[in-house]
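Given below, in the form of structure tokens, are the structures.
Presented sequentially are two complexes of chain A, the first with chain B as partner and the second with chain C.
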Partner chain A sequence: MPSKKKPLGRRRARPTAAPKKAPVQKSKPLVAIYDLTDCEGCELAFVPVVEAVAKTCEIVEWRLTQEKRMDIGDRKIDVAFVEGSPMSAEDREFLGKLRERTKVLVALGACACIGGVPALAGTAEREKFMSLVYSPEYKPKSDTPALPLDTVVKVDYYLHGCPVLPEMAARFLEQVLVGKAPDKFGGYPVCLPCKAAGNPCLLIQGNPCLGPVSAGNCGAPCPTFGKVCYGCTGAVKGGNFTQMRHKLAEILGEEMAEAHLRIFLKDEKGKR
Partner chain B sequence: MNMAGSNIDRFVTKIEGHGHIEADFSSSSVKLSIDEGERLFEGIVVGKRYEDVHFITPRICGVCPTAHNIASIRGIEAAFGVKPTETAIALRKAMLAAQIVQSHTLHLFFLSLPDYLGIDSATGLAAKNPKLLKVALSLKNASDALLKAIGGRQVHPTTTIVGGFTRFPTQKEVEASLKLIARTMKDAEAARDACAKAVGDFAPFHRETEYLSLDDYYGDSDVLTSKGEEFNPSDYDKNISEAVKLYSSAKYGTRHEHGFLVGAMARQINAGRRKQTGNTFENNVAQGEEIVEFLAEAQRNLEKAASLGLKRDELAVEFEPKEGVGVGALEAPRGTLYHKFWFDSEGFCTKADIITPTAQNLTNIEEDANAILAQNKDKSQAELQRLLEMLVRAYDPCITCSVH
Partner chain C sequence: MEAKTSFKASLRVSKRDIPALLGVLKPAPLVPAKERFLPYEGAKVDFDENLTTNSPVKTEFMPDGGASFRFDFAKKRVLPQGKEPAKIIFGVNPLDIRALDILDGIFLAKFPAYAARRKAATVVGAGDFGKSGASFDLFLHDEGLDYLAIAGSEKGRALLSRHKKFFRKGEEKTVQRGEKPAWDPTLKGDMEDLRKAVKNADPSVWEKVATEQLCLGCGICSYVCPLCYCFEVEDGVPPGAKAGARCSRWDSCMLASFTEVAGGHVFQNALPLRIRNWYYHKFARATSERGTPDCVGCNRCFHFCPVAINFREVLKNAAANPRKG
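Our next item is the complex of A and B:
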């Protein structure tokens, strides 16, 4: 709660000491959006809903679009979205501090949830690629591969996708702000919305589609538009990975099958 | 913050990605240091099948994924000798044009215009100038809708493949897109005028430099330079070089050992539509004008695709992967983007080189920053710091792109 000396509201500020800065209204929940090493595609999902968001909550910090942090005094951030992967001591320290001042911490998008595409470069590969891309004298800014957020801090919710779709972001925010448990990921596979859309099965046609083992919360935009599913929304619960591997090996050969699966998934837990 | 024991100031700028300026005000020297973690995309794509390459590279940047996706596809097509149909090319051009409108809108309204208008952010814009926020959201939503109609998603397209498309939009969807463009055009013009008005005659410095851009934004042309030279984009590595700097996870583009500028302003200068004044802040005016130009370009290409019939049998041409090297170059929102790939006979990538517009601009940003300090000696340190941050934002740097 804000201290009496420094009231936070401007529009409804007490007449005694109205501060010039800090236009935080007491009643609105505080939302913050951050990014670590990433492509910023997921936080852009909030841009189309920014008007609606502004009505229901107060964006106290959005590093991409604002320079100054809003002064929130002793209040905690109600919901913090973090996109991207921690890759340095600075990132890990930031996450630790954020966790302390946040009620609900949300991993936003594939990089934050499961490491995303950059996690394809593991520790051994990073050393090799580093010398390919940079010079021998170059000292990397990162000291780990791209890791999921939950390797560093406790994550309350995962909002999967590469990218997170605006309708998913809007629905999630709505649910979490009214105190309803947000939709869980992984309850049904991509095949469900894909079949509902009347698409011919890409896997049966001999394409390496990961729909059967991937969470279908995205609504299957990729197969609907003729592209195989790469599993960016994470693994579906109880997905038959053994058969998926078998089928992929038929299409791509064993070695490529594993590499293909690994772009976003590896096993039932969605970890790689 | 002021670093202990030195007169070097480090400050962070509101940009896409993580970087900071290090300015030594006593000697008028500025370093732009890029702090993003190395993502090593050029390594990640090695060993991947060609169709995974253009799926992976858009993840370099969520602000201009379509540009990376199409640049990769064009590079692969160049390596395999694939020529897509006219309809496919028209739709790719429409996507690229919509991508430029989308990216410019985001940058101008959320990052750079607030500088000139004296507000901090998009939420500040909502409070101070709700009309302008409406214009921004209208343009953003329209370009999102166009990219979704053709590409399947507004970020990271799904319909584009080597050889063409997996799916064309229907005549109905194209008609709806054209109507949307017609409705949005007045907002594009309002955006253009707002940029011209906001920047006005703001010119805190002048410095001559070289401007580079492709004559044709889809890349079927030479790269032109404002010094009257031209080169084939597949010879980019002979004409521009990238230097590793130990303080930065992005590389710095140079040409004849100096910086050069790519992007909206360069495109307009090389097309003879803008005079060279040496004032980089005009880049934001140029971006505003491009919102109108590229919305019209999206319209022309959608009309063309519709008139060609959007035929299913013209979706994608057949081809066989083969051993080879190919360069895909195009004008991304921030300037010329090069993707170069080497493939083995089965279509597996063996090597990759990607040069992003922001990496090309970095040397020029530092040179401009030094010029600002040298030409504004009467200003206070706080004012100078402000100018430097504005300069960096005027370039619309995409740090995520620059560290790929």
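Our next item is the complex of A and C:
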């Protein structure tokens, strides 16, 4: 895997022209993978998954693993995965252009799907911390808090998780590559696989577990290992957030209950 | 399984010898309620309703995501139902055995994978035989320091004779298993009254569960219930595989996706409607279909509900609040 030193700080995918390469075969679907504001954990989880299906597709751009992108002329990208949250004008412009040259746009991981960890940050004292951590002169490029991808462009599919689970991602990629709609997320909550595993209930023990309102497609790894679910797979369809907030407030108080629920910047209807 | 209710038994095993027995059983037994056998000596092993374990016995016979059948793309066919690995489930709660009676009635003839798993399993019940159903191979009736071993099938008798040395012969006893549901709910055990009460309850009863009692709609009350058997169908095909399985994933009518149809419409989108469905199915529809509710009173739905919603209270409330007008 060729490695390329990246500058520290936020990384941005650049849709600018790159050196020409041999034209790619027409028959294989073209796949590109980009990242915005995130930790690249999903991309790393994605490496073995992509390797497994590499024969069936052509990776035309993946900055994490490639020195150069392929020249695809004016062909459209069949499937583009975007990891991370857009936060600046540059990000938004990039996404707009990507959308135009992409058939299927997939939000990869919690940051892109729901805002994820970057969106958990409180925004009230953002400027103060920015100046403390960097310097008072520091001018951030970002002009919005971390937001889900679909606040900027139309997203066709969501591949949730923080990071995405390899088995889930493999199934997803296969389905998308053969042109099948991938499995839906959020039909059942984390409590289902949690109870199927026979776990004691952390919520009953007084811990702030978001399992009842979080999509259970992950298979409940966190409560199975004794940690509360914090909702990285997104909201379950029809989740009862009002009651969840009540229950959390009993355990944590109003303010922290709200902070915990911030992971669901949006539910399946785009609001909470 | 023998449908009779009266059994003769004379073999006894000391509670103290249970760990040794568990150690020699083959295949190594699954012990869903291991802590109930500790400390073994002189312990009052009370399979009381408050002591049911987390996992209902259905977990063994219709596991979440279990394969209903397998198929092969290359051969373009459904593969025949194979044999399931043999297992011994040791210490099943008598109420769960009663639940198995009902599950068997629903699935044995129609669900080959279920039938195969049942066939391969030896069910050893333990606790108060008076509360038990008929679906056991061996039952260990609690008699204080000893268990009285009651064989319910050939498999049970074979297990007894294979492990003779643990069982000593004493005076013969005739024991009765529970004929009617041991379930004594709210309405003096009259299932017909209960059926009518749930059917005719005012919508405010279900609304109250959602808004005042803070039901989260999480469906735990179905996953832990030995008599919630709804499942969703999912095809499991590992990436690149040439064969796969049609799997049944657990489901619950407490979830919005339960009544979602093609096109995205959800028939029971409002939580009170879903709550009503849960009660209606268990306590009204099941009773009209089979004469007994889909509930054995194990109390799991109450114990494992994160907001402690007690179905008995809800049923009482339903009976006290018939639909107006």
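Points worth noting:
Note that in this section the second predicted complex is superposed on the first by the 234 of 272 C-alpha atoms of A that agree within 3 Å, B and C clash if a C-alpha of one lies under 4 Å from a C-alpha of the other, contacts with A are read in each partner's own complex, and residues count from 1 in each chain.
Convention: a residue touches a chain if its C-beta (ideal position, glycine included) is under 8 Å from a C-beta of that chain, and two chains touch if they have at least 3 such contacts.
The model shown is predicted, which means the values in this text are computed figures rather than measured ones.
In the model built by aligning both structures on chain A, chain B fits alongside chain C without clashing. In the superposition on chain A, contact of A:239 is made with chain C only, not with chain B. Of the two partner chains placed around the shared chain by superposition, chain C is the only one that A:203 touches, whereas chain B remains out of contact.
In the superposition on chain A, A:39 makes contact with chain B only, while chain C stays out of contact range. Applying the stated contact rule after C-alpha superposition, one finds that A:105 touches neither chain B nor chain C. Touch criterion met: A:54 reaches chain B, while chain C stays clear of it.
In the superposed model, A:118 lies in contact with chain B only, and not with chain C. When the two structures are aligned on the shared chain, A:176 is found in touch with neither chain B nor chain C. Ranking chain B and chain C by residues of chain A touched puts B first.
The minimum CA-CA separation between chain B and chain C in the overlaid arrangement is 15 Å, rounded to the whole angstrom. Looking at chain A, you'll find no residue that touches chain B in one structure and chain C in the other.
Against chain B, in their complex, chain A makes its touches with residues 36-45, 47-48, 50-51, 54, 59, 62-68, 85, 87-88, 91, 116-118, 120-121, 125-126, 128-130, 132-135, 137-142, 146, 162-163, 165-166, 221-222, 224-227, 230, 252, 256, 259-260, 263. By the touch criterion stated above, chain C contacts chain A in their complex at residues 54-55, 59, 63-65, 210, 214-220, 223-224, 232, 234, 238-240, 249-252, 255-257, 260, 266, 269, 271, 304, 306-307.
Partner chain A is touched in their complex by these residues of chain B: 14, 16-18, 35-44, 47-49, 52, 55-56, 59-63, 65, 106, 110-111, 120-124, 126, 133, 137, 140-141, 144, 151-156, 158-159, 161, 165-167, 244, 246, 249, 251, 400.
Within the complex, the chain A residues that touch chain C are 52-53, 170-171, 173-174, 183, 186-189, 191-193, 195-196, 198-201, 203-204, 211-213, 236-240, 243-244, 246-247.
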